[in-house]
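Chain lettering (A, B, C and D) follows the sequence in which the chains are written, and residue indices restart at 1 in each chain.
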Amino acid sequence: MNSVYLILLLPLSGALLLAMIRSPVVAGWLNIGISVATFLASVNMALIVLRDGPFLTDNSMFYIDAFNVYLIVLTSFVGITTAIFSRPYMRYVLSEGWVNPKRMRLYHSMYQIFLVTMLLALTTNNLGILWVAIEGATLATVLLVSLYRTPESVEAAWKYFVLCGVGIAQALFGTVLVYFAADHVLHMPEAGLQWTVLYSVASQLDPTVMSIAFVFLLVGYGTKVGLVPLHNWLPDAHSEGPTPMSAVLSGLLLNVALYAVVRCKMLVDPALADPGWGTPQLAGYLMMAFGLLSFVVAGLFLYRQQDIKRMFSYSSIEHMGLMTFAFGIGGPLATFGALLHMTVHSLTKSAIFIAVGHATHIAGTQFIDKIRGLIKTQPAVGWGLLIGTATIAGFPPFGVFMSEFLMLTATMQSWPWLTPVLLSGLAIAFAGLFRNIHPMVYGAVPEGQQPVQANMLPVALHLLIVLWLGISIPSFLANWFDQATLLITGSHFL
Amino acid sequence: MSGWLLALIQLMIFVLGAPFLVIWIKQVKCRLQNRRAPSFAQPYRDLGKLFRKQVVLAENASPLFRMAPYIVFAATVLAALTVPLIAIKLPTAAIADMLVLLGFLAIGRFFMTLAGMDVGTAFGGMGSSREVSLSSLAEPALLMVIFTLAMTAQSTNLSSVMQYLLDVGVVLRPSLLFALLGLMLVAVAETGRVPVDNPATHLELTMVHEAMILEYSGRHLALMEWAAYIKLMIFGVLIVNIFFPWGLATDATLPALAIGFAAMVFKLLVAGVVLAVAETRLAKMRVFRVPEYLNLAFLLALLGALSHIILEVGV
Amino acid sequence: MNIVDFSLHEQAILLFAALILFTSFALLAQQRMLASIHVFAWQGALVAGATVLVAIVSKQNHLYFSAALTFGLKAVFLPWMLHRLVNQLGIQHHVETVVRPALVLLGAAALVVFSYYVALPIEKLSLLSTRNTIAVSMAVVLIGMLMMVARRQAVSQVLGFMSMENGLFFAAVVSTHGMPMVVELGIAFDVLVAAVLFGIFFLQIRDSIESLDVDRLNRLSETDQAEQTRE
Amino acid sequence: MALDLALYAVLAALISSAVSATAFRIPAVLRFLAFPLIGVSGACGAVAGVMALTDGSVLSTSLPFGLPWLEWQLRLDVLSGLFVTIIGIVTFAVAVYGPGYVREYEHGSHPLAQLGIFTGLFIAGMFLVVLANDAFLFMISWELMSLSSYFLVMFHHEQAANRRAGFLYLLMAHVGGLAILLSYGVLATFGDGFSFEAMRNAPLSPLWASVAFALAFIGFGMKAGLVPLHAWLPEAHPVAPSHISALMSGVMLKVAIYGFIRMTFDLLGEIQWGWGVVALLLGSVSALLGVLYAIQQNDLKRLLAYSSIENIGIIFLGLGMSMIFIGTGLPALGAIALVAALFHTFNHAMFKSLLFLGAGNIVQRAREQNLERMGGLMIRLPYTGVFFLIGCVSIAALPPFNGFVSEWLTFQAALQATALENGVLRTLIPFTAAMLALTGALSLACFVKLYGVAFLGQPRSRRVRHARRTALGIRVSQGLLAVICLLAGVFPNTVVNLLNTIPNMFIGTDLAAATSRGWLWLTPIAPEVASYSAPLVLVGILAAWLLTWWFIHPRGARGVRRGPAWDCGFGPLGPSMQYTSTAFAMPIRRIFQPVWGIEEKIEREVDSHGLRVTSISHQQHIYDRSWATLYEPISRWVLSAARRVSRLQQGNIRVYIAYSFFTLLLLLWVIS
């Protein structure tokens, strides 16, 4: 049981420690070390879950089931790789004088705090704590977005802060309403927000309140997921913050927010199933609408981007939209695909952002028109970026293709007339990505562009895993996905 | 066995008779134009002389240039081999049906045009270019004619087509009328006669066939010319024997063959007269008027095919 | 049914609700910086008061604690901090001109009606009063957002944001007698940190654009003219 | 056994791509390890395919990869067998050709490893596509094929034009892939399951079947290069290294054909003749336009690429006819058309690869890809000259080579149109046959031009004049393909016998009659209806040739005398006096005027008195009309949509809050 606490305490103490340490070099290494420790802890816990199934801590504070366990492992894993990347990268940033050692300390400790909040949000059994954790993630990252103190970064941070604050406040109101609904079913105030309890009584909750609550929750957490039209903070924050931050934001934060939305949906669906209520699918419909809108609009946004990180943040929105859509469809196939997509997307996207970080380092700018001939300058980076983009664009044999394949088929089965929209969306997004990536990686090298000291291990690692998932899903993972599918949709898939 | 022998005899007639057909046409033309005609032996004399003369090759002529005449001649002879001349039952016709016949002619054209480009003179290139351009229109027309026949006779085998037409006797088929007209137009184009081309001229703006063989001399030239004669005769025979199959020997008995031979000679002479008259009446047209002419031919042939489908076998 | 049929404390709660709603209207209308900070302080105090009332009625002791927390945070700390910042930034006498104030107020009124209409179907599982308080708190939340839309001043945006939080607290307290303790603590902590961060950002924004007018934070734009300016 | 061999072929290709990774350090690895492995793969494939074709049994297995509930299903039946054979043969030829070809890159700046890795993946992908027995594996290997070939196209990515070509290629490949995916989606929905077995038994309503067909037609047609979805093909094929162009043009397009046949004849079940009409029309249009565009090209490889479009058109024409016949209940005739199409598929793979390999050799030896600067290569590259000639003869459909047989069969099938009930169809098919005839004649013109300009006459540039030395492997590979062209042409019965198993599997009938009269005679319908004896034709030609030579050729004296060209007595000849490629195609350009978009610019410079023309410059650019009509509008639309969307992100935070605000209100209003 204490494995959970280990997962949370390790990075927390690490954060405090890092806040003390003055030397950026040591901090960089320590950052990696702590992340590794966290990862080991999470793997240990995953093994426990694998051995004797989901469990609830004695004080019923934390609950680990198939749905969040693999997300926890994923989170801590991406934590490591990004830390590995951020060590040389932040040293470069420091040498460029964009930050001073003091802010480096802030960066490192906030990095760990962020991981804590992510893990807390995933592990907790309490909707309130979930809210607190996600708000905490905002607070932890908002200072990092403005780390460089450029006007743009300050502006981006402010927008990030205010928009997410507003959104998250709505989520809190939703939570209050859920609590209110629960209060009338089970008269035990302390347990009123415990997910396990709520899930057990979900079918008795009042549909009206729950539907209102879900609207607030969806708009609230949806802001964090980056659903159009609540997405505006996302590209700004991604493009202006330090690149490792963008990597974890895209790779982890969005996932966790989506996780929250899905958990809420799991509560709302049984409640709305009540015969007195007209549209039992309400939650699904809302999510589908949001998802589809985000998917298409974000795809179109890709075309006119001038900042490479901005572009990839839009691609994140697009994929988040796709997953939201799939979760909205419900149904085992779609859910399975969406769960898989959460994994592969966060792996691929963080890998891409790492490669992008190196690319911007090589070119000394984030402007797409200024980045040229990467493959000739530094083949590793160029190929990393190219393969990563191909992966995220959904080319087999990478895992993204598999998940998109599943989701498309699911759509084909339940909403055939929506598939053309999805497909054209995919095509548009694909063209948008490549017309920008192409000139960056290929072509002749502009003068004065030098290779840099880059560590492509994380990228290779991520892409290899994604490739592996694309060629065959290991059975235990498939089982977890299946369990999660069972939890979410109430029916097995395999 | 007798069949193969017969085939060889027919081939001989083809090869030896072709120059005669040419000179016959020339004679008639001269009569019509009140000119003194060369003697009937003239083409044979020309060929013989050419065969005796030494060959002069351009320095940069490639091996292909020397092979071409033989290939062209061989292909044309094979084509002739598959055309029933005096008797229908022709084993060689089974080897190669009408489509293959076209194929043979195409081989000849292919290598002749290549040879035309080989030395690298402007004339040769021009001739080849025009030849392929025009034939690319003529060939489909010819093919449509063949289609019409094949669909009528339910066979692409030349001798069975003739057999069929002979058996059914006189039937007024619009399709065959169109086909005949089309075939005549195409034949004129393919054999390079007025108004499409003029074998008697060496004016660079007008010549097509002559331009291609401009660089040839001696036996090579002889073979090319001879092949051209044979080609002319093939088309003549096709026209007369398909559309007027009467007199063709259906069995290999001597009298039948004799009749067949006589009929063939007669028909060819008539055809020659018709051609001569036409050539005298018409003037050579500009090269870029020719496509319109060929489109007409194609149109007729297509009409033939369609009218067959619509009017004759309509369900 | 009618207000006279309500028990006393329900009437009191409704009174509080009305007052809180009034304060957020006042916040929306108030254009002078210091004054609006004071209004906000009052709102916080009212929420705390409501909490105490509920605590008395429902005899849940942890509510006293959370009432204290709310009071300390919303009625004392935040106003004080904003006060200090405003002085520091030298905008205490800043008067913000809202575009079409009448229209905005009308909109706010409409929001009240709207949130009443939304909360209407909830009656079957709670007392009328609770339902109405939910409607009121939803209105407060929405008005807070409206304020953030209407105001160009960073400080007033923060006020709007915090008044949303007040609405949330009020809802939590009156409809469900307060959230579990852990959650309350967590939320309070977040609010605290948020407040501090807001302070930091005021300074950063001021450093970067020499003002707190959020309309001038528009470098990150993707419209055509923005691109022209960039090139 | 056969299936195992095929899998070994895949394995060998993968290994070769793996070992090529080391070429970063030692470039020679490619020559001495990677290409031999590819050769092994090709040989295995060819053997496996022939085995599958001969014993006609259906082998299937599954590999422990893929979806958790569906392993990779593989299956080798006669159809796959044919295509495995094609891929195998060409791959083998390429493997023989490769070492000599890449040697020069070893000193160049291009990373050979990239070439090797993706060549291996490309080949493995193609093999897997034809072996796949479930939609998932099919899509994976399909896209693997596209992606790796894209990286190969981008091998010379310095020129912007090549980058553009690569992008276009990848984009269209992806779009096509999505269409295919969707059509499989339809099948999987009704047959619930991605395995082809499930799809075969899918109870499809005719409407949905047509939907699936349309999607598949778009997807596979895009890959195969059907007009108007062909835009990527003439851009991408010439750009790749030549042995890759050979693989792409010779094999990859065939893989698309395979997908189409598998989808239409196998998975979709009941064939509707309406589909046949679509395929027939688009096929004939592609054939005609393809050759018309080909004949106007001056870039050697571009010309070949367009001619690929033409041949694909012919193949689809045959398939369409077969679908019409089958759909109207005449399976026997359908079988003829199908066999004709398959035969042509095989032939095109052979001679197009042969031509591309030859073109590669020319480009490498003469450093010249523009026909206008070539000439006289026949003497300089004799081997390539001969083999290329054979390629031209075959593709121009002259007897007794293979190209002729397939076109002959197609015509024979078309001639049976009178058997159709439906009058419209009966008139339609002769029409398309006429177009096919036109195409044939034009392709003859096209290849006369190609060969005449490139190989005959005098060299038009210095580099071409000094072209020499062809590596052994390059000669051998071309020779191999040339021999296959000849054999397939001279012994069509063997090929037809092998192909017969395919219609047998799909529609239960075949051309038993075709070869009933022994190896000498090919009689598709009946001896008296139509017969063709390729061996005798060959013998006849040789005999006639030799006899003539024997009669004509003078004994002893009077050989030939070499002298300057006569040229009607004009002055000495210069290379610039020859007919150029543009000039050669001019009459056709005038005849078929409006087909091309032509920009022509003629500049005359006259001397000071304005009397004498001192110089004339003539520029002409032929562009593909499909751009202006189809592609540019689409891209314009997308871009304008993107511009409109970007207003969303206009920078003011209050507006953003307003979005969130109104979204909330809207949703609240919606739910209550």
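Heads up, the rule we're going with is that a contact is a pair of C-beta atoms (placed from the backbone, for glycine too) under 8 Å apart; a residue touches a chain by one contact, two chains touch by 3 or more.
Note that this is a predicted model, so its numbers are computed, not measured.
When the interfaces A-C and C-D are ranked by how many C-beta pairs touch across them, A-C comes first.
Of all the chains shown, the one with its CA centroid nearest the global CA centroid is D. Centroids built from CA atoms put chain C at 30 Å from chain A. With centres taken as mean Cα positions, chain C sits 100 Å from chain B. Centre-to-centre spacing of chain C and chain D amounts to 69 Å, using the average Cα coordinate of each chain.
Rounded to whole angstrom units, the spacing between the C-alpha centres of chain A and chain D is 44. Contact with two or more other chains is made by residues 643, 646, 649, 653, 657, 660, 664, 668, 672 of chain D. Shared interface positions of chain A, defined as residues touching 2 or more other chains, are 158-159, 162, 166, 170, 208, 212, 235, 301, 304.
Annotation for chain B: no residues touch 2 or more other chains. Every pair of chains that touch is listed here: A-C, A-D, B-D, C-D. Across the complex, chain D meets chain B through its residues 375-376, 378-379, 389, 393, 396-399, 404, 408, 411-412, 414-415, 417-418, 421, 423, 426-427, 430-431, 433-434, 437-438, 440-442, 444-445, 448-449, 451-453, 455-458, 521, 527-533, 536-537, 540-541, 544-545, 548-549, 552-554, 558-568, 573, 575, 577-579, 583-588, 590-591. Within the complex formed with chain D, the chain A residues making contact are 158-159, 162-163, 166-167, 170, 208, 211-212, 215-216, 218-219, 223, 228-230, 232-233, 235, 282, 286, 297, 300-304, 375, 379, 390, 393, 395-397, 401-402, 405, 408-409, 412-413, 416, 419-420, 423, 426-428, 430-432, 434-435, 438-439, 442-444, 470-473, 475, 478, 494.
Of all residues in chain B, only 51, 54-64, 66, 70-71, 73-75, 77-78, 81, 94-97, 99-100, 103-104, 106-107, 109-110, 113-114, 116-126, 128-130, 132-140, 143-144, 147, 150-151, 154-157, 160, 202, 204, 214-215, 217-219, 222-223, 287-288, 291, 298, 302, 305-306, 309-310, 313-315 touch chain D in the complex they form. Note for the complex: chain D touches chain A at residues 64-69, 111, 136, 139-144, 147, 154, 157-158, 160, 163, 166-167, 170-171, 174-175, 178-179, 181-182, 185-186, 188-189, 194, 638-639, 641-643, 645-646, 648-649, 653, 656-657, 659-660, 663-664, 667-668, 671-672. Residues 60, 118-119, 121-122, 124-126, 134, 137-138, 141, 145, 148, 154, 157, 161, 164-165, 167-168, 171-172, 175-180, 182-183, 186-187, 189-190, 193-194, 197-198, 200-201, 204-205, 207-209, 214, 217-220, 222, 227, 230 of chain C touch chain A in their complex.
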